[in-house]
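Everything below concerns the one structure shown next.
Note that the chains are named A, B, C and D in the order they appear, and that numbering of residues resets to 1 at the start of each chain.
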Amino acid sequence: MKRYSNRLYEGLKRISLGSAALLVVFAAVPGTGWAEVPNAVAPKGAHAGDDVPQPIEFPHDVHAKINQINCMYCHTYARRSKVAGIPPTSKCMGCHTIIATDKERIKKLTEYWESNQSPPWKKVHDVPDYVHFTHEKHLDRFLFSNEGMDVERVSEVCAFCHGEVKEMTVAKKVKSLNMGFCRRCHEANDGPSDCWKCHK
Amino acid sequence: MSLQNILTNWSQYRKGHEQGGFHDYEHMWGMAVDLNKCIGCNACSVACYAENNLGIVGKDRFEKGQGMHWMRIERYWDEPNLAPGVSEEFPSRGASFLPMMCQQCNAATCEPVCPVAATYHTPDGLNAQVYNRCIGSRYCSNNCPYRLRYFNFYSYYDWSWPEPLNMQLNPDLSVRDKGVMEKCTFCVQRIRVAKDTARREDRKVADGDVYPACVQTCPTDALVFGDMLDPESSVTKLWKAHQVELGKTKQHKDNEELRGYRIFEGLNTDPCVMYLERVREVEV
Amino acid sequence: MKDINEDIKWAQINKDVLRSMENPRMGYWVAVATCIAMVGCAVLAEIWQYRYGMGYANLNWPHMWDLYIATFIFWIGMSHSGTLLSAILHIIHADWRKPIYRFAEAMTTFSLMTAGLFPLIHLGRLWNMYWVLPYVSDRGIWPNFRSPLVWDAFAIGTYLTSSALFLFIGMIPDLAICRDNARGWRKKLYIALSLGWRGDDRQWRNFRRTYLLMACFLIPLAVSVHSIVSSDFAMSIMPGWHITTFPPYFVAGALYSGCAAIITLFVLLRYFFRFEEYMTLSILEKTCKLTFAIAMVWTYLNLIEFASTWYGHDVAAKEVLLEKFYGPYAPYFWMMMFCGSVMPFALAFRKLRRHIPTMFVVSLFLNLGMWLERWMIVTPTLANAYHPIAFDTMWPSMIQWAIVFGSFGWFGLLFLVFVKVFPSVSMYEVKEMVYHRRTAAGKDPEVVLHHPHRRSDDEPEPSGGTPPPSGTPGLEGA
Amino acid sequence: MSGNDINRRNFLKVMGWGGAGVALSGCDMPTTVTLEEGKETVVSYIMPEEYVIPGQGVYFASTCQQCSAGCGVHGRVREGRVLKLEGNTESPINTGKLCQMGQSGVQAHYNPDRIQKPMLRKGGALVEVTWEEAAAALADKTGKDSSLNGGRAAWLTGTVSGHQSVLLQAHLEALGSSRHYTHEVINNAVATQVNQDMFGEVQPTYHVTKAKVVLSFGADLVGTSMSPVHFSREHTKFRSAPRGVLIQVEPKMTLTGGNADLWIAAKPGSEGVLAMGIANELLAKHGLSGDALPGGLRDSIASYNTDKVVEITGVAKTKIVEVAKVLAERSPSLVLTGASTEAHEHGYQSVAAAMMLNVILGNIGKTITSSGEFPFPQLTAKRGDMKGLLAFAEHADKGEIDVAFFYGVNPVYTAPKFLNLEQKLDKIPFKVVLTQFYDETANRADLVLPLASALEDWGTHVPGYLPEDKIISMQQPLMEKLYKETHGLGDVLLSLLKMRKPEEYEGFADYYAFLREAFAAIPSDHKGGVGDEKFWMQALQFGVIPVNVAERSIKPTPIEADLPALKEDISYPFYLVPSAHLGLWDGRHANLPWLQEAPDQISKVVWGSWVEMHPKTAARLGVENGEFVRVESMQGSIEAPLYTHRGIHPNAVAVPLGQGHEEYGRYAKGRGVNPLKILNPVTDEKTGEPALYGTRVQVAKAPFDEKQKMVRFGGSETQVGRKLVASITADVFNRTEGA
């Protein structure tokens, strides 16, 4: 019902949208990955993250790029929960009791496995504690419920926020993941704008 | 909160008053509190502490009036409607207990006064408080006739949860630092989970899918919670049965003996919590 | 009775005023040190509060606001006097204002600078204070334009800018005089500030026009500022706050406290800077009369408020009123009524009006009364609002007192710096006044000009009813 | 000691995804924005369980151990941490609900003052030792090769039930001792004795919901009764239309009293007389039959004419008449008793008189039925009382005890001063205290064994009060142990048993193994036709095991009540009411900050002790709210701030239990006073149970003590005319909602 359309609101909306759009144009840094996910506008912006040394230098490139393993094969909770989860060691060992057991990194992993400890991974991508972010819903929107999108191409969706992890060994933060980043994407993709959707 | 939110909420508020009721809401979470059942045992209050990471302030600060009881049980000795009772030697009809949580007013007085719009109305009909937007002007609390907003006068995190008590903290909502206003949220973190689950299962949130911590633990079922837009929910039925409606400053009932009322209704805050009058047998 | 000695030489005026800016005596430094010490107390208190939380101010549930907001209104109120004297009286051609409006205007600016600190001090998260301002960010969030606190931010910001500008603009001709008599850093300062004032016709014409325009702009602004401040309360639904008459009540209170403060400072300046020639008893008397009139308006509005609460049958509001009358805060309430409504009758008596020590003491009481008024607006309502479970009596802690105390130091410090850096009596306007008085008395205005080297083509041409552009001659006079 | 690793369930290490991040929020202090990459560690699963999804809570069933009511709980577990407890909907005790004490179970678990290592007394001081050393000391003192004369070993415990109780009995048996003393301050020992004598069973089932009137002589049903949550559930049904009437007679308003339709303050100790008076009214005026009563009893009832009763009890005649009338008119009813009636010198008779009303009113078989024959008597609750402590103290004093084990009790705190327990404890050469917290008793122990919390331990429980549906309640660990060097009660008992009878118990690796075996041994007719494994899994899943009970009926044998006149004492004019506190209970929860900060339901006091007194009495003594008073008995005195309200008899002075700890952690220590300390050595004549409410005291103004001052919640005691709690009459309620 548009009977109560608010002129002031419309006007202000136009102005704010206009300025936001301008901002987006300015903020866009050419050269960052433009994933061509259907029905989606990839978020723009880049961030120069620190190199985070991990207990085991996990090669994402070998797994995701060379061996073409689906991201969700290991980060299996992403589709079911708010967190994507670090794969359990048992999952690693599923392959690595046979594959590449002579590699230094695998030996280290086996050591952890045998001593019944999990490697002390360091967190790379984090949002503040007052932010409620759920992987499940984002994957649903851009992947599972997204017409014309192939589940095999999940890494392109992941790349929205995590960058081209395929090209990295250990993950590095390449998107700012701050409120502006989130909100620009929400605006472009008709995400919710209600504060309590993301803040807790 | 964006400008859009401010303006849409404002127009919705106006709309609600012109048309009687709210049309664009996804849900309208509401409650009914049966004072006939409530025994004043305080379980709800402690459950709230457990669920919502409420800080323990300690004796001195409690004395100063800086306690953080989002859900509080008030106890009064008088019962104006039955008998004055003041001159009596004993309170022969017992005490009057009143659980007070945020009334989630539809025309919340706290919302328009916040300078940074940290408190606003959600499409769920909830009166939201965005902690990380709050700058601590405390105007909202001043303007709440129910006094249901609590301010973090200190960094409770520094001493309220000595290790390992901090391991009990609920990661589904933040631990508020000093300078932030907070209040009952109807356990929005639980509502969020219920909505996610319902969505995953491709259905609507059903009555009974979600309870705030106080409702879930209430030993006497005095608290009823649900979606007031769902005609089948128990809370809607209760409101209907007691002929209490949203968007009114005075209820007009066919049967004046029905127990439902809202506290400070006349102030036009339009609260989403209905109380049912306490009952006493006066023939003994 | 004369406002001013019309035989006073223009050169003498310059001399007297410029003298007041020189060679601070021991007493001055003691005053400065005292003020700094007071500010120091406040800073320490604020650091503590910032670091450990607002709880140390004894704020609580339900007393979320207390002295900070009360003192904020007090200072905002004080700022209205300058506008009253310089703008309103300017427009209505009450030229007795001329010797005293400068410091009143300075008072406006400085009390605003003090007042503006309080909403910030009282914030729980001071470091995010800029969120009340609308600015474009990619987070796409805006302040809540419905909130009176946001209006406050705009109103105070505008008022502070305008009144500072007004003060500055009005000072330009005098700054030129200072420039011509200064050496060292002062010279550089005045050169910069006097904006190349030469005192020629065009400059005077533009100056007058600007000044009048700003005066016209300031009057509604001042009224609106305090109306907006009053809406912090009037827009709420709390009993004792939600009152329709609050805007005029606040404006009257503001003018009242401003006038009282003018009397205080008048006496101090007159005494310490030996400005007896300019700040005459006659002017004091006029100020006192004005104050008395405003006091009566204020009293009337007070009574109206009580009556409307009493007969309005708003039970909660009535209870708050009774609580003010009889409750724990009653001594302060009655003290406010005494200071605000009974004390001003001292101003009704000519004898007392002309007795400077009495006026000094009375003005202090009036100020106290007005400060108490603000406290009695904020606190009793919070103590006895709707919900009885939250009834509570709260007394501010040392942290709050220290910050309130320190704010007086801060104001004093600003004022002390001002009187030594800028002329606290408007030289050119006093000259104008002398000129008019002489003309009116039928004396020759030329005599007081006393400038032997004046070139005839520079001579201002007084014509018709317009006052002569003055100022230029004074440059040479000192 | 065997390790009690979490069996069959591979918990994620404490902390993990989303778990570590409970740092400051809503809280971007300019200096504390902590979003740097690579600072926080995340722990991944080694072997995930299917049902565990990081970021989502999983619920496990267990049993609440905060009091002996045995409510079923669901623990919400996320990332390996238990975050919150909810009621277990499967449990007939609490049907999904919990009280505040139950909610605080997590604080007992995460309490910062838990003992993390065993402590052994060496050279006069307790020092931390390893379990090996502790076990060696135990074996040395209690093992089969030790010099211990087994018959001189004793256990002093709180209420115990289930398989822990079985193991405990086994341990005593292995020692050759029969010294199991049970001790609870909040008990109903006198009432159970009357039940036994009158109905032939200790605890019949009460059907509050079936009653139209409940006349309660001090039974704090919804507060500090045997099963607070259960009776709160019943209360709800009882109060739904058609609405039952609750009449409460007691000296000090309890939570139940606060909800009564009629609250009557009888002179403390005169409740029995009031019951007789009501009986007299019923028989004489309402024509009820007293045929079931023995003739002597009928005669003595007849001697209590209403005027006499008014004189003795101080209750207005109209009220006695009204109560009798409503009881006669609305049947069935239910008459119950609580501590304020039981714990007097002649408590037994008072209770007997009250229960006799049930016979007159024909409630037996209607609202009071037999609880049936519980098929596993060895699992039923061993109820504690004060008598047990008295016996223990006496035997210790006589030097009959060489080794004493303490579990679930804190006798040094709960023993009245007259008992002189500290000295008597010193006569026991070796005292072993099994506890989670360093309390007053641990302070005097020779060996302190740190227990795992209730949320880390295995167990089975049979609630002390069983409703119609009988159950055994399961307790299982909800998370990995916080401290490696703590052990569950069952494991400790097994270790002790292995020291005495290794041949029998060596086969059990731990208590879990014992429980599995015990479950396998349950006769199959109790297993609902499922196999052992499934039965076990069901028990874990639902948290309760339904038990079939053989039915029984009650044939009451009324007891003659011989009620002596109340003695007046001029120098000690007041009765001390050491009222139980729903929250701190008998003091065991004083170390839980949530419960300290939760206002008392009636007085609304937090974080301390207070004295309750009628305003009239206070005015007579010249003391005001908030001022300090000294409450003095023959045994000593305590000082606490005063709270006056009308919900107390003018002859009574109430001091709540729970505070006054000298040890017990940061939240409890040095806070308030313990009224148990000043009790007089008065006991119930028939049962020998100490009469907690029988102490006479005098009261005087005392100097103000800033540290112990009273802090209360709320600025007003009245609604000042606002419509906050509106009330209507039951009449209207039944009319509008009775359909």
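Methods note: contacts are C-beta pairs under 8 Å (C-beta built on N, C-alpha and C of every residue); 3 or more make two chains touch, one makes a residue touch a chain.
This is a predicted model, so every value here is computed, not measured.
Asks: Which one of the chains is closest to the middle, using the mean of its C-alpha atoms?
Replies: Chain nearest the overall C-alpha centroid, as shown: B.
Asks: Looking at chain pairs C-D and B-D, which one is connected by more C-beta pairs in contact?
Replies: Of C-D and B-D, more C-beta pairs in contact link B-D.
Asks: Where the CA atoms of subunit C average out and where those of subunit D average out, how many Å apart are those spots?
Replies: 67
Asks: Can you compute the centre-to-centre distance for subunit B and subunit D, using the mean CA position of each chain? Integer Å is fine.
Replies: Going by mean C-alpha positions, subunit B sits 31 Å from subunit D.
Asks: Could you work out how far the Cα centre of subunit A sits from that of subunit D, in whole Å?
Replies: 52
Asks: Per the centroid of Cα atoms for each chain, what is the distance between subunit A and subunit C, given in Å?
Replies: That pair's centroid distance is 57 Å.
Asks: Residues of subunit D that contact two or more other chains, please.
Replies: Only 18, 21-29, 56, 714, 716, 718-719, 721-722, 724 qualify.
Asks: Which residues belonging to subunit B are in contact with no fewer than two other chains?
Replies: Expected reply: 1-3, 67, 72, 74, 76, 131-134, 155, 171, 174-175, 178, 180, 264.
Asks: By the touch rule stated above, which residues of subunit C touch at least two different other chains?
Replies: Those would be 128, 140, 386-390, 392.
Asks: Touch graph across the chains, line, ring, star, complete or other?
Replies: Contact pattern: complete, every chain touching every other.
Asks: Give the list of subunit A residues in touch with subunit B in this complex.
Replies: Listed in rising order, the residues of subunit A that touch subunit B are 1, 4, 6, 8-9, 12-13, 16, 128-130, 132, 134, 136-137, 193-196, 199-200.
Asks: Please output the residues of subunit B touching subunit A within their complex, sorted ascending.
Replies: Touching subunit A: residues 1-5, 7-8, 11, 14-15, 23, 120, 122-124, 126, 128, 130-133, 171-175, 188-189, 192, 196, 199-200 of subunit B.
Asks: Residues of subunit C touching subunit D in their complex?
Replies: 127-128, 315, 319, 386-392
Asks: Sort out for me which residues of subunit B touch subunit D in the complex.
Replies: It is residues 35-37, 39-43, 45-47, 49-51, 53, 56-59, 62-63, 67, 69, 72-82, 88-98, 131-132, 134, 155, 157, 162-171, 174-178, 180, 182, 193, 213, 216-222, 255, 257-259, 261, 263-264, 275, 277-284 of subunit B that touch subunit D.
Asks: In the complex, go through subunit C and note every residue touching subunit A.
Replies: 136-140
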